[in-house]
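Take a look at the following structure, please.
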Amino acid sequence: MNGIKESAAKLLTDLRKNVPLVHNITNYVTVNDVANAILAIGGSPIMADDIGETEDITAISSALVINMGTLNERTIASMIASGKKANVLGIPVVFDPVGAGASRLRNETAMKITEQVKISILRGNMSEISFIGGLEASTKGVDASESDSRNDGEALAVKVAQRLGCTVAVTGAVDIISDGKRTVKLYNGHPMLSKVTGTGCMSSGITGAFAGAGKDYLVAAAGAIASMSIAGEDAFEKYGNIGTGSFHMGIIDALSRLDGEAIMKRMKIDEK
Amino acid sequence: MNGIKESAAKLLTDLRKNVPLVHNITNYVTVNDVANAILAIGGSPIMADDIGETEDITAISSALVINMGTLNERTIASMIASGKKANVLGIPVVFDPVGAGASRLRNETAMKITEQVKISILRGNMSEISFIGGLEASTKGVDASESDSRNDGEALAVKVAQRLGCTVAVTGAVDIISDGKRTVKLYNGHPMLSKVTGTGCMSSGITGAFAGAGKDYLVAAAGAIASMSIAGEDAFEKYGNIGTGSFHMGIIDALSRLDGEAIMKRMKIDEK
Amino acid sequence: MNGIKESAAKLLTDLRKNVPLVHNITNYVTVNDVANAILAIGGSPIMADDIGETEDITAISSALVINMGTLNERTIASMIASGKKANVLGIPVVFDPVGAGASRLRNETAMKITEQVKISILRGNMSEISFIGGLEASTKGVDASESDSRNDGEALAVKVAQRLGCTVAVTGAVDIISDGKRTVKLYNGHPMLSKVTGTGCMSSGITGAFAGAGKDYLVAAAGAIASMSIAGEDAFEKYGNIGTGSFHMGIIDALSRLDGEAIMKRMKIDEK
């Protein structure tokens, strides 16, 4: 059996060969970056959120990504309908509970989605996953609070993974990914990633592309999150001293050049 | 009489002088790029999609662009109301049937719009225009399927142009544009354009700007599509080996520098 | 007492220390740039517009920015509910009446908001502020008309500031800012800023960040608008001859590097 790193590298090669169609029900703030990130990593994005077509679009896709960044009543119904459709058809569902903890609507929606849809991969920051885990979250807006770093991410990831029966990725300075049995830590990335909006959304988007290319969701999540983090390192090397606009562009550049070989060379993973 | 190329070059010069206001009812994925592409080519974009104002905005504009990329019930009503208003006032209507063939909602909407609104220029990929033409489309998401290339684009463009009484642009590796009498082929562009989301939407947006600047819609479509393709070539020369983020930025850079002289020098057209 | 310039420079330093959360109810055309501009200047953006959560999000924020660029019935209700909530809690409200004068819906909405919500800072171009001031606006789309420059911006800013009891910023080649008692003129900026969509929206967004960092709203508006203008100058120096795509990126780069020292060095202000 390969290690997670080898499997993630191979999965990226497969992804670029198979070009999975990834259906995104996502927010209007970062949607362009999510589409371009999915294209850059080798997938094909489609965005559709009207209840009149959302299940049809899910049905022709290889993965569904639900991101509740700018949720509203209309799109919440579409998220749940598409999630159920994906479940029936065995299509993987990635859920990014953006801002869970920040408003009652977000809390209720996150709960509704996790109750009614079988999630394959849950990706969020410590605040968001803590909320899903029933811990006291200290959300400040949509970004992770500093105080969250005191929580024990590993125990949280394992607990939520076991409760929801899915893979959970808690992203931050160190990324922790668990499917309830296996747990890995990733050490790539750069703090400047938090100075560009949507790097979390892009991570979830490309997680959809990886999940659409292979069935081991721990590998898919690890590969996608490492890809985003390595892209951040690469963008920082080239543009860190120029500013966040160039750095933003550099992330997409780096994703578009990334391949399995680069994953093997640069991914820093602690596999237990 | 000038050739199409000379006329397109002259039209771009006129466009930059007259700064046509272009009303876009479009999707939230690529809307920022569409606005910036219209500004870059010399037009003035306005986005408005609420039924409470959409006809008012159309009425003060020089062209209307309807793009059904992320259609929903609310915006479909606005597309039709604005289209009818444009027809009454003699304002050109560009229609981009994004993803026609991919869901029943998109199919029905494309049919409804072509039935209820007199289109001036229809722009789409082979899958989308095939669907409008009543052929069996093999749509895979919002991008053209490879199998579509087996179809005969020229016959399709002519047929749909005659049926709808409009100019039809089927864009792809070779772009085919017909108004039912005249048919031209364009040979500019670069495959990397398909690795950035929204290059089709941007094409339709600047087609609106060209159509708002002159009444020969075959010339307008040819000028706009050649502009986008030349911008893609230019961006590839500068940024092709860096990545799709830089290339994306380079497209807007190139559009903003493009003028009639560059059209004369670089546009590759086969005029029958 | 410090001059406005010294105070604005100090406010930027405070902003970067305190990282105010800025709630934006804004348009889908420029929302990504607004979020990245707020991050670049040192704030933390959150976008939320569903009536089910918008007041909750306002309540945890340091400032609210209402931008009516792509208003619709659903979001208009949210703008007013959030504005009232901000008023109750003493949270500053920035209002950007995008396209006021261009449609009856925009006119009525601008009126409704200024009647029902106590605005802290009103920011717009001459056309838009003229409309709010009850003057005859000559709006052409969402950009300022040339004929507007004949109007007397200073008298307008003072009049509207006194009537609404707020700070008014009329932005253009020269920016005029008045709180009804104090009036300043700013001379930074570059014409190329009008060739990128959303530079006005970004100005309003970072005005929210400045207003969330300090209570003197004339200083906040002056600091924010000078920051945007200086970023435009900086971006033009680096990318002016390359094109509007690079220039666009350069604006965010420059904002992310800007500090109090740069404000002291570059801000050109006429303080009466």
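Per-chain numbering from 1; labels A, B and C assigned in written order.
The definition used in the following text is that contacts are C-beta pairs under 8 Å (C-beta built on N, C-alpha and C of every residue); 3 or more make two chains touch, one makes a residue touch a chain.
Please read these numbers as outputs of a predicted model, since none were measured by experiment.
Colleague: Mind checking the rotation angle between the two copies, chain A and chain C? C-alpha superposition, nearest 5 degrees is fine.
Modeller: Answer in degrees: 120, to the nearest 5.
Colleague: Looking only at residue numbers at the chain B/chain C interface, is the share used by both copies over half or under half? Answer same or different.
Modeller: Answer different: the two copies use largely distinct residue numbers here.
Colleague: Averaging over Cα atoms per chain, report the distance between chain B and chain C in Å.
Modeller: Their C-alpha centroids are separated by 33 Å.
Colleague: For chain B, what residues touch not just one other chain but two or more?
Modeller: 28, 32, 248-249
Colleague: In their shared complex, at which residues does chain B touch chain C?
Modeller: My answer: residues 21, 28, 31-32, 35-36, 39-40, 44-50, 52-53, 56-57, 60-61, 74, 248-257.
Colleague: Show which residues of chain C lie in contact with chain B when the two form their complex.
Modeller: Those residues of chain C that touch chain B are 27-30, 32-33, 69-73, 99, 102-106, 140-143, 195-198, 242-246, 248-249.
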